[in-house]
C-alpha cells in the first residue's frame, strides 16, 4: 500500500474500532486490571491466501502504539489449516478489545484473496487476466481491491471517476452507441480510453467506428465472446477486450479461452464468504 | 430505524457515495447533458426478503433531493423473482451515478434478511430465537443488524460496550470463571447481566454460584446443550441461556430443540452471499 | 483511563484550546519572543481532592509536545491549601496560552471529586454506595464521571444507551408499570437488567411481578425508602435497590441507613462549584 | 444570536446529544412504539431568569425536525416557581430522548443568567458594568457568555485572540510593565487597546506612560480601587478601568462605588449552581 | 456544476467564511441591529468574463438561507465596466459579512475566465485547444478549473490520480522513456492512455514504439513542436499531441499553428491577477 | 509560526495533498517500485524573497515522515536566480507525488513576500508601514499573511472578528459616521479601537468627536491624505491613521510621504503573480 492508502486505512480502522468499542469494552474493563499481559496468535482455520495482516496490525497498534504483530506469513502467501499466521503480546485488555475487528478484517480479506486466487489458477496458461468490479462491500472497496490484487487479480475502476465505461444503461439514455462514444471521445478522450459494452457484430462495428478503445462483452456465451474478440482484433489490432457477467469458477476457463484481455468477476467481492481464522489468547 | 440510526445512515451513505463517485461520474458527465430524464426500477432477480430500500432511497435523494423512490415492497416483505421492488424517475445522470451503491446495499442487506429468515423458519415451533453476533462486515454493523431484525432475527450486542459476555479468552486471562464473574458482578453488575461461556456441568455450577445471569454454550453438540440447559434451569429457574458455534441451516433445529433462549448465528452476517437485484433504466 | 477515553480526551482538549485560543494568544505573541522560558506551578487554594491533572498535562503537551507536567499529587489524593500540586517548565508563551484551560479543568474536576468524597465519607460504615447521574455538564460527562470515580463514587449510566431505567415519565406514556416492564424485558432483557421507579408497596409488587431487576425510589423520605427496600428484599432476595432525589450532604446518611445499594446524587456534577487553584509563573 | 453562533450552537447540541444518546435510548425503544404521541412542558422550580430556551428547542428539533417548542417566556425574562416556561408536543420517544440534554442546558444557562442578574441589580445606580471572564466551563463558553448577556451583564474577551490583557504572569516573564506595554503597543496596538494589570500608583503611572489604554485592578480592596481609578482619570481622562478578584454579591456594590467602568466576576460562570426546572410529560 | 462539485463547493465556502468571520463580524454587530435591511449590487470594474456568481450566491445563502442573488449576467458572459452583474437584498449585516468573501471569489474566478478567454480567442481558427494545468492555487483547483471551462478552455488532469503523464522527472528516475512507458502500459494501460514528454525525434520514436498514446512537447520552440507533431502523426495517425512551457498571449498563436491538439497554459491559473468588481450597499 | 498556526498549517497541507493526489499518483505507481530513491532540489528561477519552505517541508514529511528538507535559504531571505534553495532525498515516488503542491506553495508565497518587499523598500526612510488587507485568496489567508510578514510588511485584520473597521458601506446603512462610531464605542470599545473611513475635513471632525481611535483614508490623492493626516493629529496627537485604495509600486512613496501610519495594499495578495521555482529530481 502507498501512503494515500495508509492514511485512508488508518481512518477506516478507527471507524471500525469505534463501531465495535463504543464507550469501551465493558467485559474486559470489569474483569481485568489494566496491566495484565497476555500473548495472542492468529491461526488459520483452513487453507487460504492470507490478506489483511497489515490491517490487523493497525487495529492493535491503534489501541496501543507499543503493541506490534509478528507475522509468520505475508499477505498473499498460501497457508494450510493450523498455520500460526501471526502472534502478538501485550496488555490483555488491548488484545481482547481488538480481537473481533482484527478477525473480521482478516477473515473477509483472506476470503477475497483466496477466491481470487482460485479464479486466477483456473485460467492459468491463457492470455486473459482476472479483474474485480465495483460490486464491492460499501465502505470496503479499497481493502477488497487490495485483497484481489494480493490474490493475483487485477483491479478495475476504483470508482466512477476512474475511467469511462459505457454500459447498456448509458447507451439507452444516450440514444445509442454512436452518440455515446462520440460524446465521450470528444469530451474526455484525451487521456481516458473509451470502453463500450457491445453484444453483436453490428454494435461492435458501430463502437469501433465511433472511436471506442476497449470493448466489453457482458452476459454473452463464451463462443459469442470468442467471435467478437476475433472480429474486434481484425478491425483494430491490439484493441482492448473485456468480458463479464455470471462468471463462475466452473465457466471461467471457457471465457478465458475465448481470448479477451480481461475477465471481470463480480463474485470476487460480492460472494463475501469469509474463511475461518482463530485468535487464541494465553496469559504469561 | 430511529433518529440516531437515521443520522448515522445519512453519514454512511455519504461515505459510500464518495467512495464510488470520487470527483464525479466521468462516463455520465461525458455522454449526457444534465437535464436528460429517465425512469429506473429495481427488479428482484430471485426469491428474497427485501431489505435496504430505505438506504437505497437515501442514496438517490442525497444525489438529488427532489428524487424519490416509489416502493412496491416494504423492508421485510418476501418477493419472487421478477417482482418490481421499487421505481424512480428523475435526471438520468443521478440514476446512473447512484445505481451501483444502491444495488450494492440492497443486494447485501436483502441477502442478510433472506438468510436470517431461513434460520428463523427452520426453528419455527421451538422456544428459541435466532440472533446475530459481532461477526459483521466492518463498517456495516448497524445496517446488517437492521437486516437481521427485518428478517425476523434478534439483535445481540451492538458492540463491546453493549453488554458483558465473558468468553473463554476472557476466562483464561482472568484466571478462571469464578474470579471473572465475581469481578464483573462487583464492578458492572448493577444494570448489566453477566453472561458467561461454560462447557461442562462443573463450569456451569461455578458460574451460577459466582452470580452469572446468562450462560453461553459455545461449540457444543445439541445433546450437550440440552443437558446444560436443563441443569441451568434446575439451579435457577428462568436463567438466560444461549448457544453458538458452527450453527448451520442443517443443524439449527437440533440446537433449537435443545431448549436455549437464543441461538447466535455468525453465518447470518459472515457468509455475505448477496441476492441478485437488477436496476433497469429507460429514457422518457 | 483506558485508550477509548484517552482518544476522546485528546479530542476534547483540542476543542477547549480552540475555544480559548482562536487564532492565537494576542497578548503573549505581542510581548514575548518565542524562546523565552519559564517555570509554572499549580498550587491548591484550599483543601481538596485533586482531579484533572492528566487533562491539564494534555493541555500543555498539545501546545508543545516536549513540555510535561511533574505531578506532586496524583488524581484522587487529598491536599491542603498551599500544596504545590504540579510544576512544569518550558516556553513561557506555551505556559501562558494553556494556563486558563488547564485551570478551568483542574478546578472543576477537583470540585466534583472533592464533593463526591464528602458524600462518600458521610455514609461510611453503611452498605450503600454513592453514584452520579446524567445531570452532568453538557460535553463534560466523561470527565465529570471520571472525577466522581476519583472521589470514591460509582458511575451510573454513561448515556441512554447504557442501561434501562424506567422512570415516571416513561411509565406515564407506556400506560403503567406493568406494560413498561414487560415490554422492556421482552425486547432487551437478555443482557440488560430492568430498573423501574416505584413509590408505593403496590407499585413495587407490580414491578417485581412484571420482572423488574432493580428498583428505584425517587423523591421519597428515608423512612419510606427503608420500608420499600425491606419489602423488595423479602420478595426477591438480592434484588437491586437505588434511591435518588434531593439528596444533600445533610440527609444522605439517613438515606444510606435506609439500606439501598446505591444513592444517586445529581448534586455531584450539577452544583458545579469549583475549588480554587492558582497557577504561578516565574522566569528562569 | 447571530448566524455564526447559530451554526456553532447546532454543532454543539449534536455533540451533547451524541454524548447522552450513544447508539440510542434503550429504555424508550424497548417500551414504546415509534408513533406514541405525548405532550411535555418545562416548569420553573424556583424564581429565575430564563436562558437557554432556544438551545432546548434546538435539542428537540434535531431529534425530530417537525417538533417545536412553544415558549411562554423569553430568554432574559424573570419567572416565578411554577411558571410553565414552554411546552411542546410530539412523539413520546423524542421528548424522552431529548429531556435530559434540554434540562441540563436550561438549568445551567438560567442559573448563569439568574446569578448575573443578581450582580447587575446589586450595583444599580452606579456607573459600573458587570462583565464575565474566561473562567467558563470548557466547551460552553459561547453559551455561558450568551447567558451572561441575557442576565444583563457584558461580555469580556471570548478568547485569548479577542483582545490584549497583560496580567501579572505576563509582566513577570516580560520583565516588567514598561517593556510589556511598549512591545504590545508596537506590535498590535493599531486596532487593539492595551489593558494592563496594575496594583500601585507607581505601576499605574508606568503603565500609562508606556501607553496603556485600559487599567485592570485585580485583588485590591474597594478603597484601593477608588484611589487608582481617580489617579488614572487625572492622568488620562476617559481611560478605561476594570476591577476583578474575589468579587461577591456582598462586596460588589462597594467595588462598583469605587468607580471602575467594568467589574469582572469569575463567579458568574464558575459557580455553576444550576436552578431547578422540571420537564413533565403526559400522553394524549 | 454537478452534485459532487456542489457538495464540495458548499464545504469550501463554509471554510472561506469561517476564515473571514471567525467568531463573527465585530463591526457590523456593534453598529447595526439585526433587522436592518439593505440592497447590494455587484458592478464590473472593467471588461471581463464573469465567473463565480454561483459561488457568491452560496456565500450569502449560507449566511441567510432566505437571501438570494438576482443575476444579470451568467457565468461565462462578457460584460463591460459599469455593468451591474447581480443584485441582492436582505439583512444588512448579512450583506456586509459576506461581501469580502464573495468579492474575493468573483474577482479571482472572473480573472481566470477572462484570461483563459483571451488565450482561446488568440488561437481562433486553429485546430488546437487551450487547457489548464495543475499549477492552481492550493485549495482552489476545482473552482479555478471551473473558471477555465467557463472561459472556453479545456480541463486537463484534476489530480495525479486523473490520468498518466510521464514527464522528464519521471523518466529520469524510471531509467528512460522506454521502461517508463512499458511499465505504465502494462500496469494501467487498460482504461488510461499513456502521455509521455518527448523533446527529440529519437525520444518520440522510442515513446511511440513503447506504446505511448499521447505525446507532450514541453519547453520547445513552435517550429520544433511543428516538426514533432508531423512526425508523430506520420507514425500513428490520430495520436494525441500536447505542448506546454512558457506559453504567453504573445506566442500562443505560433504554438497553435504548430498543430498540437492541446496547449497547456499554466499562466491561466498561476498568474492570479484579479479583475476589479465593486459591491455597493444601500439602505432601503 | 506559533503552535496554533502549525496545527492549522498541517490541516491545510493535508487538504492540498488530497486535492492533488486523490486516490494516488497513477503515473508514479505504474512506473516505479516503492523503494526507488532519488534526490530533489528547489532552484530559484528568478530574484526573489523566499517564503513557504516550512510549508513545502510539511508537504513531503506528510507523505513520508522520514523525509526532510535541507534548506539553504531561510524564509525571508533574498536569493538570485539559480540559487539552490533547498534539497531533499528520499523515495522517488514521494518526491514526485509532493512536487506540484510544494512548488505551488513556494511559488505563490515567495511571490507575495517578494512583492511586499518591493513595497517596503519603496517607502524606506518614511514613517509609514506597509500592511496587507483581507483581499487574500480564499483559504490561504493565514499563509499569505505569513508571507507578507516575511516580506517585511505588517498584518492588518485576520478576519472580521479581529478588529473594528467602519467603512463607507457600514456608514451608509448605519445612517452616518456619528451613529456608527458611537454605537461601536458603546458596544465594543472597551478593548477594541474604532477605525473609521473618512474622506473630508467634516467627516474627520465628526469621527473624532464621536470617539474614533483610528482614521482610514480610502481612494484619496496623496495630497488629500496629507491634509487629513495633519488635521487629525492637530485634533488628537497620536491618533492612528491609515490610507488605502489603488496603491501601486509607482505611487506608494507619494502616499507614504503624506504621513499616515499604515498603507494598506490589497495588491500584495490580490495580484497573485507567482515567481518561478524549479524542482529537479535525480536518481542516486
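Labels A, B, C, D, E and F are assigned to the chains in the order they are written; within every chain, residues are numbered from 1.
Convention: contacts are C-beta pairs under 8 Å (C-beta built on N, C-alpha and C of every residue); 3 or more make two chains touch, one makes a residue touch a chain.
Note that the structure is predicted; figures quoted are calculated from it, not measured.
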item: Touching both chain A and chain E (chains); value: B, C, D, F
item: Chain whose Cα centroid lies at the greatest distance from that of chain E; value: C
item: Chain copies touching (chain A, chain C) - same or different residues, decided at half shared; value: different
item: Pair exhibiting more inter-chain C-beta contacts, C-F or E-F; value: E-F
item: Where chain A and chain B are represented by their mean Cα positions, the distance between them in whole Å; value: 23
item: Distance between the centres, which are taken as Cα means, of chain D and chain B, whole angstrom; value: 47
item: Residue numbers of chain E (touch at least two other chains); value: 21-24, 29, 97, 158-159, 161-165, 192
item: Arrangement of touching chains [line / ring / star / complete / other]; value: complete
item: Partner chain D, residues of chain A touching it in the complex; value: 22-23
item: Contacting residues of chain A [partner chain E, same complex]; value: 154, 156-157, 161-165, 190-193, 195, 213-214, 240, 261-262
item: Chain E to chain F touching residues, read off their complex; value: 12, 15-16, 19-32, 36, 38, 92, 96-97, 99-101, 103-105, 107-108, 134-142, 158-166, 169-170, 172-175, 179-180, 183-184, 187-188, 192, 270-274, 279-283
item: Residues of chain F defined as touching chain A within the complex; value: 21-25, 29, 34, 63-64, 93-94, 97
item: In the complex with chain F, residue positions of chain A that touch it; value: 2-5, 158-159, 162
